[in-house]
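Okay, got some structures for you below.
One chain, subunit A, links the two complexes that follow: it is found with subunit B in the first and with subunit C in the second.
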Partner chain A sequence: MHDVIDEKYDVHDHFRMDLTKNTCPSREERLGVAIKNYYGTMSNLVKGTRDKTITQPERCFEQSSSCSLSIIATRILTIRDSVTLMHAPIGCSVCNHGSHELFRHIPESDGRPGNFNLHNVSTNLTEKDIVYGGTEKLKNAIKESDVRYSPKAIFVMTSCASGIMGDDIEGAVSEIQSEVKAKIVPIHCEGFRSRVLQTGYDAMWHGILKYIVKKPEKKQKDLVNVTNMFSYTWRDKAEITRLLGKLGLRANFVPEFSSVEDLEQMSEAAVTAPICPTFGDYLIKGLEQEFGVPYFREFVPMGIKNTDNWLRHIAKYTGKEEEVEKLIEEEHATIAPKFENLKKEFEKIRKKLKKDDEKLTAIGAVGQGRVLAHAGFLTELGFDVTGACAVDYDALITDDFDSLIKDVGDFVILISTFQAADYVNLFHNLKPDLTLQAPFKGGKFETDKAMGTIHFLRGDNHASRTQAGYNGAIAYGEMCLRSFHNTSLGKLISDTTEDPYKAWWYEADPMYFVKDKPEKKEVKVPVIVGNKRKSHGK
Partner chain B sequence: MSYVETARSTCALGGALSLIHSIEKAVPIIHAGPGCGSVLNFGQNLASGYQFIGYASGSASPSTNTLEKHVIFGGENRLREQIKSTLELVDADLYFVVSGCTAGLIGDDIRSVVSEFSGNSETVIFSEAPGFKGSTYQGYEIAYKSLIDQVIQPVTRKEKNTVNLLGIVPAQDPFWQGNISEIVRLLGRIGLKVNLSGDGDTVKKIRKAAGVDLNILLSANTGISAAKHFKEKFDVSYIQYPLPIGTETGKFLREIANTLGLDKQKVNKVIEEEEKYLWKYLIKFSEAYAFILVNKEFGIIGDTNYVIGMTRFLTNDLGLHPKLAVVTDAPSESIRDTIKESITNLNYDLSPGVIFESDAYKIWDEVSKNPPDLLIGSSADKPAAQKLNIPLLATSYPLYDRIALSKGYSGYRGSINLVEDIGDVLLSTM
Partner chain C sequence: MSKIRNIAIYGKGGIGKSTTSSNISAALSEEGYKVMQIGCDPKSDSTNTLRGGQFIPTVLDTLRSGKRVETDEFIHDGFNGIKCVEAGGPEPGVGCAGRGIITAIELLKQRNVFEDYSPDVVIYDVLGDVVCGGFAMPIREGIAEQVYTVSSSDFMAIYAANNLFKGILKYANNGGALFSGIIANSVNLPEQQDILNDFSKKTKTTITEFVPRSLTVTRSELRGRTVIEAEPDSEQAGIYRSLARKIITNGHKYVPSPLDVDGLKSWAQSWSDRLLGQGEAPGRINCSLEHGVQIAEEEAVRAR
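Up next is the complex of A and B:
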């Protein structure tokens, strides 16, 4: 059984958002292709998207993935003068604990605001509420939050439980808004709502666009909205602030650790520059549609070339075309020798590990946006991109993937929402020399080769923890290099962790658990007949 | 319970998962929304001293990932195929199906789906633990009862001087492993063998858990209904003693010895040796104590176990002054007086104010009215403590600015850890 693609949806996004609605459509409702499972080449993915043959397969085995609520809660919580109010049983709110308050150790001299309090609040739905309904509890919680913390905004996040109970969130909110000072922002992020995590991002932006962003009073020609990512550290923000500062521009980082005022003034910015094009998709389009703020989405400021292009795009919308060329020249003068040195170091490693002119291989990324960043960056460093991982995929990024293939060549991509078994299978079969992943893969990670990370804690304020911009290209490149110099961690994990999967799994097609899959229990590494290589070594 | 700022436990599903993850080679099969397993992984592993627990936890936990169509049409078929495919892929000694909010609300018949696998050679059991049923503590009890009803076997012969430990909730107590291992060490010293410790128990051991002399419930609040159920079903009596810290441990060991009729002289000798070890290090600390700790008033924010154990140790052994005790795990009204008695019945006629509260705002309202000189709490109390300029040692959930691996605070050796950690916090704020 496969989902049928609805003919009315084009693979190109002609979507016009309707902010009078309670929430956004899910990515699968809005786009022709929005899936959470695929294993094959990038080129087939692009082709299949365009001819609409790529569909969401039904799986009979899954592992815990993530949900719309948790993927945005960790971001909303950081909005400094707001309250995150989950209308949920108590457990949903704990997703915030792991990254809560990590900013507090960043010195104020590094630009961290001195006064902030992050409030992670739950209506704590219990069995009694399930029977009698939870809207009264919600209204009381909103009132109480307003009195307690005097926030500028209260984000009301829905959950699986509140969704199935059928609590009328909008009704409760409109009933009570006049009684509280804070702006109440309902966000419909029930975990069961969508198979594609990124629907959660859209739901968050929908609430922010609908309730928080103000009509522009005056345009701020030097203001650049930057949608920053969860895994970017304070140092990444510092690097982007530094670069935009040199152009006489100010970065308005949203939503991570922003103030409500920062969100309100997004409509006055000169341009919206995403760090991940699909994370910020709904916002950048909404700001343009509603307030005429232009955007671009093609580049991610990671690696030298991508950063050049990212800055050039910003300059185009802010009238800094001349300044930006000067900036790029200056930055290159400092960075180029360091980057060349890095490449030399990788060449030494390559000679040790590979035959003839074989390149070092790498697998990177976690989100579909980061596929663009990693593939470009790793290629710049001299790697052969063997494969990439993305937690989900939709037609918003198809054209970018197409351009990427033209740029760096074809490679294998695994679309899998944190399915730990899929990942071990992939890494076992592709055996990359370097693996760059987030640490959410469930423990068993079979590699005794170089293993880096894409995910630093946001409060890690050391210069080595930078990915963005020019300084990030060097710092992140050095992190990758160090991954080769000491592989004991990977070896330790590989040698000592118990393997929960049976041996046959390592020889199986990673899509074995897709229903109606005819091929059983055999390895099928996609063969690439492209501009770079003929096949993947096993 | 009402409105809560900063959850100090996860939900019932979280509690069930924490018990499953503590069992050797046990794999959960989560029948819930797509985020539950990972949310609880973030919320438990990362916020409990960053310890990775479990054979297949977090994104490795099999899960049905309920979507809208299952909510509308029911999720039983999806669960059936998930159990089947998990048996095919995952090598485990125990397959533990556990259902969350969505399955609970749409009314899937978990029991009937799981019963279809009763003829299999693998052990497949289930618990219904929707998040709305309660906290981690309650979920732990729900899952423990499933072990009693579906895994533990009747025995014909009891093994003498063997006990089971229960009541310490893995990961909810960030220092659960260290706390358990110290108690196991001490029980071993007085001649007892621990069958189920609560840390890394095998399915084989769980099966024969009814063959013990006594169940020791190491909590004044958690596990009572499980211990009672164990007694009713397998006639194993239990003794309840909150996690002992410092010289309280001597009383604990004597009470166990009395109940089981162990050799008193031998037990006294063990206690004497252990206390000697404790004093040796406390005397070493006395110089620093005179500078940084003498006559300070302390407050504790924690669950029943930590509040009782630490208040008694810090007052009775370390000579500090108890000011405030905040119990965060919402014990039922019927046992609050007993718990209060354990917290306030201290040497030297000292006793702290005791409140039962889980909401951070109300807790901090109370603390700021009457601020102590030192606080033992959780990482989430740090911003408020900093504002009031009170040094804080975080020991309780959520714990996200420390690493918790083998360390514990229980018994004799654990109490020395507590002294060292308090000293570190005080010195680093001076």
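Up next is the complex of A and C:
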């Protein structure tokens, strides 16, 4: 299993999860290096992780962000035959409301379940409950959920409020379990417990591994667990299904829109193939440790080369080595001409915008896993990757970053958890030809250059919104191209809105709001030694 | 790995929990047990007398740094190799001490401290009453299995013990810890013994040991040591050794029957009446809330 990875893993101790425990450790606790702010070169980030000089920075100013609870509640909410029970004040459910709208428009013919109802219940903790304890209310809510929806599973999501007052969730659950038919799954995702959002994913997988996944009755040789699909979109799910289908394999997409049975049978799959290696990290390792399901995590199916490798790894574990080569050949035959066309179009643009053999530059990514995907893909398209953004970073991906640097060269990376101002500052400093930003992350800003999107809304089912697989390589490449052809959005924002930032911010160090920076640099853009770029800061 | 004995010792603040815990730990270590004592009190002075009066960095102090902490930064050797840990907590008047206990204990579990150090006995010295969910953490499932409470015959200490019984009753069905006995502390007079015996009978509990108030304790603690270390040949040391032996051999655990508010009040009233009937009692023993209130009210009237 994962033969290459573990050997070179000198950056984190050999974590063995313990499912008898109530929950997972936080990423900070487990990995030592798990941070939400950094600005510098990829190579220094890797180096700092290895020599353990990188620590969690303190910010003195931060705008709205997210939390371990809200980031997973929206995913768990989509699990069929389940209830998401928020043991929280009512406001903690605010992110869940959008879920209906995100997916309702998808026609059933595109795979949206006919019975689309999402079951979201909250204990609505009030002042009285915080004073007197909320477990009675929780037990009642569990019973009520069981009666109302007859679910197969009830996910009890803890919150800051329940965590601070110390409600004994496990005790309440074990007391009430015999009275309800549904499997109760406590998920300990108090927002304050970790400053790295991905701890929320680990907590989710811990609960699912501990309470839902069954011991395998048989092995299903054609079943492939595909984790965290909705880091991408609905249409990507279709593309992955298509590709695996051609190999005679079935994708078991988890957790979004999976059924409780889908989760139960994860132990029977031939392999776990994550869409994002770090979001699904706890699950893929847990499935291997507890049930011997192998995994790989080196590739993300974005871009042609990455998709080839992603499929080849799946084939390795499913005995489809020959079939996969045939599939790759077929797919390449269809998309290679389209991809070449795309590259030609970009070349035309390059000639217009750039001198001599200078490449077009781009900044991409949003999650640390996507840094790998974007950098590879953009390089394939002929771009020079100037920089990347990631909402957080931890030692799980250090080795992959190291390999990436060797592959595409060093570049600047900004780690910042949904701080739109930081992104704007970065783009202003690096001035790439193409910037890719994410919806919901506050990253739209005025620019006269090309601005694309990192990913589309999860519920987007239009073919042009694919990013994964071969069709994704074309569709996403076309999106990047459209961004150059039409730069009106940035201009429109510029014409119609006042700049939200004062001039000084554009000149400031992107880590301005980080307290006790190790060094106060005048130079804003880190110098990359012996590589393609030099500082253009002042 | 042999089964670890996890014992929580609760009691009202100032009643002598840390003194008792540390002396039990010291006595057990003399018997050859590997002992770990975990102070669950933001004052973080539980293990002081095991470390010559020295404070140690607490779990929460080390977490504050933001860097990944190694377990040896908060686990320190004390008398006779006893592993000393202080959960720590916020300054008085700020933050949430209860959550502090949860955070500290969760960290110890996540770090597999108990597996790595493999103590024979872990003693949790927990602040006072079960004041909130956080302070109930050590008696929840998977932490301590047996609970003792340190109590004097003072009404407020008994009141706190009764509250602890309520906490145990609450968690008993969920696999939480069960009760194993009252450690009667600072009990020198027969009436004090009677009061505690009666309380234990009413709540269907047992008394593990009567520990008298003694200057030996004061002397030892002023020198930053346990009685076992400072005055090993004293009578008091013998009492602590006997207590420790009883605790380590006592596997009996059960659900206590706490008195309800009215029950406790009328029980206290009955003792007040009895002692008043004896004429001399009120001056010597303050055991009744009712009585205390009465005196306080008289004092208040006089002050006006």
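Convention: the second predicted complex is superposed on the first by the 495 of 538 C-alpha atoms of A that agree within 3 Å, B and C clash if a C-alpha of one lies under 4 Å from a C-alpha of the other, contacts with A are read in each partner's own complex, and residues count from 1 in each chain.
Keep this in mind: a residue touches a chain if its C-beta (ideal position, glycine included) is under 8 Å from a C-beta of that chain, and two chains touch if they have at least 3 such contacts.
This structure is a prediction, so every number in the text was calculated from the model and none was measured.
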item	value
Which superposed partner A:Phe427 touches (first subunit B, second subunit C, both, neither)	neither
Partner chain in contact with A:Tyr295 - subunit B first, subunit C second, else both or neither	neither
Partner chain in contact with A:Pro89 - subunit B first, subunit C second, else both or neither	first
First (subunit B), second (subunit C), both or neither touched by A:Gly191	first
Touching partner for A:Ile164 - first (subunit B), second (subunit C), both, neither	both
Of subunit B and subunit C, the chain that contacts the larger number of subunit A residues	B
Touching partner for A:Tyr282 - first (subunit B), second (subunit C), both, neither	neither
First (subunit B), second (subunit C), both or neither touched by A:Glu101	first
Subunit B versus subunit C as contact partner of A:Glu29, first or second or both or neither	second
Overlapping contact positions on subunit A, where the subunit C interface meets the subunit B interface	164-165
Residues on subunit A engaged by subunit C in the complex (per definition of touch)	18, 21-22, 25, 28-29, 32-33, 52, 55-56, 58, 133, 163-168, 170-172, 174-175
Parts of subunit A lying in touch with subunit B, wherever the complex brings them together	60-71, 88-102, 104, 117, 119-127, 129-130, 137, 140-141, 144, 148, 159-161, 164-165, 191-195, 417-421, 440-444, 498-502, 505, 513
Residues of subunit C defined as touching subunit A within the complex	66-68, 96, 98-99, 102, 107, 109-110, 112, 132-134, 136-137, 140-142, 171, 173-176
Touching residues on subunit B, where the partner in the complex is subunit A	1-7, 9-14, 25, 27, 30, 32-47, 52, 54-68, 70-71, 81-82, 84-86, 88-92, 100-102, 105-106, 130-135, 361, 379-380, 382-383, 386, 398, 400
